[in-house]
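Look for chain A in each of the two complexes below; its partner is chain B in the first and chain C in the second.
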Partner chain A sequence: MVEKYAVLPCNGLDKCAGVISREIALRLCGEAGHEIICPVFSRIAEVKYRKIISEHPLFVIDGCPTRCASKLAVEKNFKISNKITVTEEAKKSGIELNDTLQLREKEQALIGIILNDLMNTGNKVTQTIEETGVSCHFDYETFQKGKFLFRVPVNKEIFFNENDCWAYVSGNRARIGVTDFVQQNLSDILFFTPPEMGAEIDQFGEAGEIESSKSVFELITPVSGKVIAVNEALIQKPELINENPYELGWIADLELTAFENDKELLIGFDKYFEIMKRKVNDLNG
Partner chain B sequence: MAEFKVGVISCSGEECLGGTISRLATRKVLDELKMVEPVTLCLPLYLAGGKEERNFARVYPVITVDGCHKCCAKRSTEKYSGKVSGSVDVSEIIGEENALDRKTVRNKDLTAEHTRMIDRVAGEIVKMIGNISPDAYSGKTFHGCGCNGE
Partner chain C sequence: MSETTFMGVEREKIDWKPVIDYAKCNFCMECAKFCPHRVFEIRENEEIKLIVKNPFNCVVFCRACSKTCGPDALSFPDKNETSQMIREIRKEAENNG
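Let's turn to the complex of A and B:
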């Protein structure tokens, strides 16, 4: 973990996960010297916390997928460097949280796991983008339905799956992302969870997720590979995916591990364009 | 069965002991009070735009519990849902010096003195709830969507 974080917990009072977020924050501050940010007071008197947040990376602890702490941070334009959601951590650890607000044995165990992960291995810390050499150039074909414009890149380097995700292949690397169909359907994208740096993901495996007020979309990677870069800009500005999901809104770069095999299950522009038009028409009548 | 519902919004503060006491006293009321059906409203969710929380506070009487004189819970509730039915300022009960003590306390580290503070604040919340006239409840049916039955 970095030397010192500003820690913003959700501090929720109506779910066990919120109580856990508070406990983690208190222990991080009490045992490791990080600075706590009160989610309530920061909203009313943000000036008080500006200095702390400008001097230290912000670590957000959300209790549940409602992600109130993240929303409050985004609302105040606080730059989030790292975040976790307690319910997701519980799921990963196979721990079912109780329905009360009491921290029992299982909840204490989860707190221990999360703190250990954060303080010892540092593997939750967001990785910075590295220059990976995936250079993309896009030319688009467009399809309009009502007021909505859908762009699809025509370049021969780009491949799609039927899950509306793309991969731009360059040498033994590929950049991946979602298509205009996804961002138009999700509408305003509010959150981006990147895939883990260094993770090896099989074709059609999950490679991060994006969330709008409507729903959560899991990016299904068209190609297998090791994550060598993530688009960190999306953590602060997930709306870049709405602006252009192919260029500024890319998701991650992968080092390819089985592209020749993967290719058999991918489609090119011609086929995807027809599939997307059909989906748009089906949705909009 | 409870005759009516009352929302209790605690400041959830982490700046000082007053916030911790307000939070724990609210929980105590939630766990132990049987005369009405108390409902805790999550203040961070309320601030983040939780429609159900805000609509609940518009329709049902609400008591806010603040850790200090800054009154974050009361100010926020009145901003989004109108006047509250009662407010508790923990610093007036346990003393400002105690309330503004910057040493946050984990549940497992609570002392007998802290427990007494929690009991006194919980008692004040219960008193506030007891002061609410059933007329304060407008008779509208609560709809999470905020339509107020219209």
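Let's turn to the complex of A and C:
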């Protein structure tokens, strides 16, 4: 965390995670010179914060998955450039949060861990992305429902699961992403959380998240493997997923670990196209 | 509207659904509002105001509604165990067919 951020915390004062969000925000601003955005005041007088928001990237601290702070940012048209969710950080650190609104030892420990992580990320060597040599330009079959267009790439090396995610397999590697069904249902994608570099993910495990004002979608990977690259362009421009989730909107590259086995539970273009059409019709009546 | 099969396996043979922890749930109904598959049912006049009514409508491996749940009251089966189970059922069907 080297830049100066505008920090928007959740500030839910009736929940432990909210109280922790608030404390983290106060300390980031007090100790590291970031600028605070009060969620309560910005709701009625955002003018006060417009200058800060326009000059600094926005860091959002949600307390829990209700995501009030993120939703506020979306509502006010603030572009989120980084964020965390306290309850998720607690899970990662193996700390169980109670109903207490007091910051006792456990809560302080979590605050310490989160602040430490945040302050030190600027010192980490930036990961270089391996050039994987997977190039993506596909031919598509499309169908239209109302004003929505759904594309599915026609390619023998592209496999799908019934959870609307694809894998483009090339040698012992695969590029993964979501289909138009996901992208159209979420509508404008505002935030991308990549899977961790080097993580080993099982088939149907989660490989990153994308988020719109409507909801959060966890990418369910069609193939198991180790994450060797993530699409960093999406961190600044998550809307690339809306433009084309199969090409510039890809999510990650994996080194395959059990493809022969994974293949049993995957489908190709023909089946997926049928399934997607049925789902679109079911959802839209 | 429910899928009848998932990966070629009868949906009703796959145990995949949200489980509500009523000790944590505050009946905010975010999950029910969110899920388009009518898995949940809201019961305004009952003490337990929310139940999992149509477990087989739940999309296997989806956990999306849990992301809307503030108090973390929704849990799901283990994904590895579930995919293992699907493989086994498929093998059995192959052997029998």
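Keep in mind that, in the parts below, the second predicted complex is superposed on the first by the 154 of 285 C-alpha atoms of A that agree within 3 Å, B and C clash if a C-alpha of one lies under 4 Å from a C-alpha of the other, contacts with A are read in each partner's own complex, and residues count from 1 in each chain.
In this section, contacts are C-beta pairs under 8 Å (C-beta built on N, C-alpha and C of every residue); 3 or more make two chains touch, one makes a residue touch a chain.
If you're wondering where the values come from, they're calculated on a predicted model, not measured in any experiment.
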**Asked** Who contacts more of chain A, chain B or chain C?
**Response** B
**Asked** A:216 contacts which: chain B (first), chain C (second), both, neither?
**Response** second
**Asked** Is A:87 contacted by the first partner chain B, the second partner chain C, both or neither?
**Response** second
**Asked** Does the superposition put A:66 against chain B (first), chain C (second), both, or neither?
**Response** both
**Request:** Check the residue A:162 against both partner chains and state whether it touches chain B (first), chain C (second), both, or neither.
**Result:** second
**Request:** Kindly list the residues of chain A that each of chain B and chain C touches, one partner per complex.
**Result:** 15, 66
**Asked** Quick one: in the complex, what on chain C touches chain A?
**Response** 1, 3, 6-7, 30, 34, 36, 59-64, 66-72, 79-80, 82-83, 86-87, 90
**Message:** With touch defined as at the start, can you tell me which chain A residues reach chain C in the complex?
**Reply:** 15, 64-66, 87, 161-163, 202-205, 215-218, 220, 264-265, 267, 282-283
**Request:** Spell out the part of chain A that touches chain B in their complex, as residue ranges.
**Result:** 9-15, 18, 22-23, 25-27, 29-30, 36, 38-41, 43-45, 66, 68-69, 71-72, 75, 101, 103
**Touch list for chain B against partner chain A, complex** = 10-15, 19, 23, 26-27, 40-45, 47-50, 70, 72-73, 75-76, 104, 106-107
